[in-house]
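Alright, structures below, take your time with them.
Two complexes come next, and they have one chain in common, chain A, joined by chain B in the first and chain C in the second.
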Partner chain A sequence: MAAKTQGPAVGYTTESTRTLLRVVILCFIAAAAISSRLFSVIRFESIIHEFDPWFNFRATKYLVANGFHKFWDWFDDRTWHPLGRVTGGTLYPGLMVTSGAIYHALRTLTIPVDIRNICVLLAPACSGLTAFATYLLTNEMTTSPSAGLLAAVFMGIAPGYISRSVAGSYDNEAIAIFLLVFTFYLWIKALKLGSMLWGALCALFYGYMVASWGGYAFITCLLPVHALVLICMGRYSTRLYVSYTTWYALGTLASMQIPFVGFLPIKTSEHMPALGIFGFIQLIGFIQYVRSAISGRQFQTFLVTILVATFGLGLLGLVALTSLGYVAPWSGRFYSLWDTGYAKIHIPIIASVSEHQPTAWPSFFFDLNFLIWLFPAGVYLCFQDLKDEHVFVVVYALFGSYFAGVMVRLMLTLTPVVCVAAAMAASQILDTYLSWKSATPPEEQEAPKKVKGGLRGSDKPNVGIYSNLTKVMVSGSMLVYLLMFVSHCTWVTSNAYSSPSVVLASRMPDGSQHIIDDYREAYQWLRQNTKEDAKIMSWWDYGYQIGGMADRPTLVDNNTWNNTHIATVGKAMSSREEVSYPIMRQHEVDYVLVVFGALLGYSGDDINKFLWMVRIAEGIWPDEVKERDFFTPQGEYRVDEGATETMKNSLMYKMSYYNYASLFPAGQAADRVRGVRIPDQGPVLNTLEEAFTSENWIIRIYKVKDLDNIGRDHANAAAFERGQKKKKPTKKRGARVLRVD
Partner chain B sequence: ANWDKVLQNIYQYYMNETPQRTKLIDVFLVFIAVVGALQFLYCILAGNYPFNAFLSGFGATVGQFVLTISLRIQTAAANKSDFPEVSPERAFADYVVCSLILHFFCVNFIN
Partner chain C sequence: MWSLLSVAAALFAAAASAVSTGGSRLLVVLDDVAEKDTYGQFLGDLAARGFDVSYETPRSEGLTLFHLGERKYDHLLFLPSKVKGLGPNLTPNRLVDFVNAQGNILVALSSTVPASTSLVSLLSELDVSLPIERTGTVVDHFNYDTVSAAESHDVLVLDAPSNIRPGLKSYFELPGGVLAFPHAVGHVLGSGPLLTPVVRAPATAYSYNPKEQSEILDADELFAAGQQLALVSVLQARNSARVTVLGSAEMLQDKWLDAKVTRVGGKNVKADNKEFARRVSGWTFQEIGVLRVNGVEHQLQESDELNPEIYRIKNDVSYSISLSEYSWDKWVPFTLPEDDVLQLEFSMLSPFHRLDLARTGTTDDAAVYGVSFTLPDQHGIFNFKVNYKRSFLTYVEEKNTVSVRHFAHDEWPRSFVISGAWPWISGIGATVSGFVGFCAIWMYSKPAGKKN
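After this line comes the complex of A and B, so read on.
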């Protein structure tokens, strides 16, 4: 207050004070974003979570150990056992290269940090950058000084983003969301300035995004849609031409440098909108030029017809090319976003992933708290003064909401725009109600007196806030919401999203924590007690973890690129032993690993996933594996004595329940997941022998027996071992066939 | 009906209103377009076997074409109001940087 009277020197100080405040606030936001992601590291330890990150971690270790060139053409013969995987051409290398670069940078600074710690902490570090990128993006949208900071706070701690970026979640999304937001920022900047350089920067970061995450298709579709909407609104400008064409020309070439992407940008339907708009914008640019050359109303209508005709022709050509097979149609994963019933019917492997399910209402509130209801208000505010960049927010909001509604996992791409829009709404409220200047009282009411016949909304009412009480109340309640948001985010992060799935934590009755570490126990057993190249067969969920923690070759893993191979494993798991044994011999399987949660009540075990194995196998061998056979005639899926014969004889059932009943007193063997009683007479295994069972029976490992020495089949040999040979050998000759030499 | 008149008008306008430097740019544009068209023709006639080579060659022409048009747009006096912050020198520097990036990608992609 006193400063105001002192002249221009003080204006300079307030300016620099503001800058200082901004820097300090942004630093605090980054610190909050990082520290709220560290729950799992502090509670448990600094390890990689989940399944996919284990492959990324393994690839990063390979990169760090062998250098970039070897990593680029790395043929991995320790996955997909007989086939192997051309890893360099089937992954997005951005994540690994980033952490490899950080690793080497830190080493040259003589701070040698273990690569594991870099991988664990990469996601929190990037989340700080994401908050900053959101700040920049929001500042492009509005002139309000507080909106950018609010958006940065929201983005820093919103659980929708934290869920994929806690420490230890070394997944592609860790880095990709930062790149997504930053690419959008650069795009908006390029569009506003009409500068080639910003367009080129946008293309470079787009290329980096392509190198990092398969979700880059979202950008490739969103930017053209934005451009198209702008054109349709009659907002075509030379700036749009410059920024879009620079982005497309450079960005497409940049994206084609990634081996996994290769020629896709010109061959698949996902990328066709960008190409189509690229062509369309050339046409528009030319027509605009011609229009400036010539005047004449009749000519304009002529041009419009040309425009529509060319657009129609382009669309027709695209449809023709697609149907003739020159352009690949939507891939299954992408297509299932439009036809939501498609995956369940045709590709069970896509539907079997829990992240690919539609989102329920509560999870929007759970992940975004009060942002979700400020979000529509923010989008509405964008309509108030509709500039080019606001159209972007509107388009992004529409698409992001749709995709997030279809698939749980895509909540992640919705979160940035929710944060931006909600911050615009919140800052609008705060700017209005926090200014100390009261609105000037209306002069005299008589000037805009009612004009008869005019609409009631058209005469200006006197808008303004006069009472300090209203100001305090409104901004106070806003403050309460903001505080509640912070506590909600912290609570959700702490309770829902900070558990490493590798170790299971449970509470003892006295409140102390009990850690169940069966996974690592079993993987460690495999690593230390099997030979270096022993092949492990398990369901694909555990492929990456076995490769990463046990360091043994696997048959299938989480990269589900070969459906038939997965179906082979599914068939081996769901068939009788006599059928599975030759399959396992053919694939040189040494050990079979199953996850079994019945003792502990761990519901994510293989018996609960069993039906997916059956379905996937049935897709390939409909005659040999039938889902119907695993249900009782009443249509129940049972594992107790009422289970069907097929179920009881399947390899998975036998491996899971082998010897299980012997843990309990007679008649009391219970399955705590399914909540049923298990028959005392457990299944008999002939072709496998139990090699290892972890402490809580979560992981059971079986060794595949060798062929019988004297050529009997395993059922006979095992029966002989058990002494079950018939007491009175029948003298009768059995029906034999001729020996053929 | 009045197509020839329209074309004549355009030609007149172009000849009268375009400065010399912009015409120079346009000659370059025509050259790039011809090169691109020749490559495309050759691809149709001879097949696209080293597809990456075709793509990088063709992509280079297309990219250079749109970049040059962007330069042309930004240096034209008529568009001054659209780009208050871009001086012709700045536009040219941007053009150089973008072309360098483009050629790096093309050379890398042609193997």
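After this line comes the complex of A and C, so read on.
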């Protein structure tokens, strides 16, 4: 691939041949981008991955089956039992509508394709488009013809983007990254041309982006920041005015059409920068007009003070409105972007999600490989030639890096700018070193000094390359890096990002692949053996999968809109049976599902997540659930015989380890995740009965017993079933208990 | 005797169809099959009411309660038996299983025969305690039959129960009647809500073991006394299976069914044991006090669609439930006891509405109760729930789940209907007309000629 992209640089002469080559290369890039995402389909099968995609898939099926209007007003009574969810008004419909439109388009073309396959392959298809959009965006940044193609390749196969767009990863990001890049391209185009048409197009795609992903706020904040930086640099122009106001007015109107967004653009703090800059730019425009009419330096300074005063007043007004409650303050997820410790203390539900954790350093290299060190070079190149669009790259790079450092999943928003900047740097190197022409003497390089763009320090004299050996060595090592990048991307994609996580794969001793299919086994069991409306209680991670695969109502799911309801489930899981049972009765729970990895050494199980359940429950019931009680006095989180009484009596512990020891010879029961020995005497369950345990014990399903038919409590009834005699009731000590009727 | 049997046969023919709702297969477990003649009248009456009575002793080989997992009998009647345990086929677990499978049990005890351990265990699971050592007789030195128990005082003569508890049906109430309880075993009830005492010993009665405590009764060893001592109690399990504990089996015997008894200083009167036995057995074997829900209907008030699955918040809906009660041999409209109401809950987690249902119609065999109301302003998955659980009546728990959705996007009032929106609408109008006007002026005004 790297070799291919060097094609144009080698130098074909006619323009049409170049265009043809470019189209062909872009097609190849798109093909490479798509095919490298098909690992999961080849390795496993055409299946929806992970958690959120299962909801999107289910919503898409609903849309296809019931039509758009029903989807718009969809009240989902099979999630969040018994609250239900106003799903039509609380989702970003872009993804589903896109798939639905493709489905119906193919239908009208008499190509009957299963909706599942459309959903599975949507993300790879979009990645081809993203590569193309990156090509367009990069071409706006540089005149080098190879930079765009390099950027397209990088974007096509960078693991940072592949992680969210392999086949089957049917998530909002699948389509949103394409829209993000394309919106940026249109914004740059509109800004360069000062064109209302491009501004309107930008607004249109911004609207599409809003319809698709909550990350649209990134655009909503980045474009105003870009505009502000340009204004502060003294680069205000009518081009900026026209493009920004067009984008803001139309884009905001478009975003308000999405029910989930509604009036947020004028109510929440995330959207205030855009509104503020909109007002600010009007003011600037007015002042510019006045200045063109009346000249005078003193007047100008006077105006500047007025500007500052207005800005300050606006900010004060915003603060006042926020404190009075007219404008909603930043949401918790947003706070955690500034203070990484915030969520851990105040909103455990956000902190409990692994993709909301701060990024570890190695993952930058893992996801971006050599792009990560070309990236600063590319940003530096932007400084050399500091036009409006380069300012955008600089601003984007700055914010993108920060956010990617704070939250793992925001690596996704960083990847496009890394690809763009790295492509600029790489193409600069390649263009310089792959040129057959010898360098001209440095005296002749005295170019006319640019007044507007560029930093003063960057105007160095141009130095040429004289030795062919240098050329070969540098371009050769660059080639090696590119090849390494390709092989790294392929390796990462195939090994790290292509697992559906619904189906697990392991290696047998002889090297062959062994599929562990416990999840689907259990969900299929639920689908076939339980009533249509049997309510399943599980931790929220599995809610979407149960809804999608087992088609059964759940109490909580990955749309974590109701913290109290999740805390209720957390309380039921972390309390004694006597406490949990009334909660389960009240919520009409029929089955409880837990994930248990001890037999297989599957570390993502519920016991490892258990402390989050405890913490979230403690947030609502600090008197009834205490995290401290789950730790031994030495502060250890133990599950063996040294576990605390609270831990041993908690429903989660009992459900996990119920009958587990009976699998092993006496004294040898071991938990392979925690690496400890489990006591032979397992926990006793009275209010639940085991209904199903999957092949590798990963999923265990328990049925909630009904109240005892003849009025005993469950402990007594279970003891009677086991054949234990009731203690003699007549041997009473102390006062008689009298019946009062 | 013959005349009685022929009457019974005639009645049997008439009542062959009129049998209990729980089924007609009745198994009588007694010490010796020949012993059934002492209960001839009572058993004959049962047969006449349509029961298909079979007799077994606990020692019988072929005695099983279940065949291939299905109940073999619908009802069980335990008469006193001298066997200590009832054998492998009548273990307490089997008996609990029988109740869980909706079988009904009538346990008749006698102080002359120690209760079998199997029954004692069963009763203790039901939270009914019998005296220790399985024997104990109830005596009352003020309410005894002066004819038959002038010395031992162990034949109690009591007023038939009246007004057992307010708000209950009066199945066991025989106003003005007297009941004779010869050699009764008293029992003590736990505080479970499923248990209801029907006949309690008078305040002056107590229970003692005639073998060990004939001379002196230590207060610490007293089993129970007074009102705490129940003579007849009933339990209705959550699946509406019924278990009745009858303290005195002798009262079912022919000689006590119509016996004349005399109280201290009272007249010689005829005991109402026969009628009481009929009612106790009839209730236990599901001939009375059985409710049937014929149907539940809920709908939008202006709609014809019955029982839709989804409503919208603030809809006006009506709900009705049709109930019948089985009375010996036919279904009749269910009438609520005095001081009692049938209530409807509209609930999600907790009730949002709890409404009294009013009787809206009556047919030959059913009474319809209904109410109309407005749904709450809260979407979610709600239940129309009639949770009518009373002692003596089979439990009614009718849960109809419906979803209550939010307003659809086109169900809100349009903006021009809302007066508060008028300023904004006129603002839009002004902007549009201003823009159009400006454009018109701009386009049609003649450009000023280039002066310079």
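One rule holds for everything that comes next: the second predicted complex is superposed on the first by the 691 of 741 C-alpha atoms of A that agree within 3 Å, B and C clash if a C-alpha of one lies under 4 Å from a C-alpha of the other, contacts with A are read in each partner's own complex, and residues count from 1 in each chain.
Just so it is clear, a contact is a pair of C-beta atoms (placed from the backbone, for glycine too) under 8 Å apart; a residue touches a chain by one contact, two chains touch by 3 or more.
Predicted model only: the values in this text are computed from it and were never measured.
Student: Could you look at A:256 and tell me whether it touches chain B, chain C, both or neither (first, second, both, neither)?
Tutor: Only chain B is touched by A:256; chain C is not.
Student: So, A:508: does it touch chain B (first), chain C (second), both, or neither?
Tutor: neither
Student: For A:712, using the defined touch cut-off, is the partner it touches chain B, chain C, both, or neither? Pick first, second, both or neither.
Tutor: A:712 sits against chain C, while chain B stays out of touch.
Student: In the superposed arrangement, which partner chain does A:83 touch: chain B (first), chain C (second), both, or neither?
Tutor: The answer is second: A:83 touches chain C but not chain B.
Student: Taking the superposition as given, does A:292 touch the first partner, chain B, the second, chain C, both, or neither?
Tutor: first
Student: Who does A:204 touch here: chain B (first), chain C (second), both, or neither?
Tutor: Only chain B; A:204 stays clear of chain C.
Student: In the superposed arrangement, which partner chain does A:720 touch: chain B (first), chain C (second), both, or neither?
Tutor: Touch status of A:720: second partner only.
Student: Taking the superposition as given, does A:73 touch the first partner, chain B, the second, chain C, both, or neither?
Tutor: Once the two structures are laid over each other on A, A:73 reaches chain C alone.
Student: Kindly list the residues of chain A that each of chain B and chain C touches, one partner per complex.
Tutor: On chain A, the chain B and chain C contacts do not overlap at all.
Student: What residues of chain C sit close enough to touch chain A in their complex?
Tutor: It comes out as residues 92-93, 96, 99-100, 121, 124-127, 129, 131-132, 165, 188-197, 223-224, 228, 235, 237-239, 241, 243, 310, 348-349, 379-382, 401, 403-406, 408-409.
Student: In the complex, go through chain A and note every residue touching chain C.
Tutor: For chain A paired with chain C, touching residues are 72-73, 75, 77, 81-84, 86, 89, 259, 533, 586-587, 706-712, 720-721, 723, 725-726, 728-730, 736-741.
Student: Hey, which residues of chain B end up touching chain A in the complex?
Tutor: For this pair, the touching residues of chain B are 6, 9-10, 13-14, 17, 51-52, 55-56, 59, 62-63, 66-67, 69-71, 73-74, 78-79, 82-83, 85-86, 91, 93-95, 97-98, 101-102, 105-106, 108-109.
Student: Flag every residue of chain A that touches chain B in the complex, lowest number first.
Tutor: Listed in rising order, the residues are 193-197, 199-200, 203-204, 237-239, 241-242, 245-246, 248-250, 252-254, 256-257, 263, 266, 282, 285, 290, 292-294, 299.
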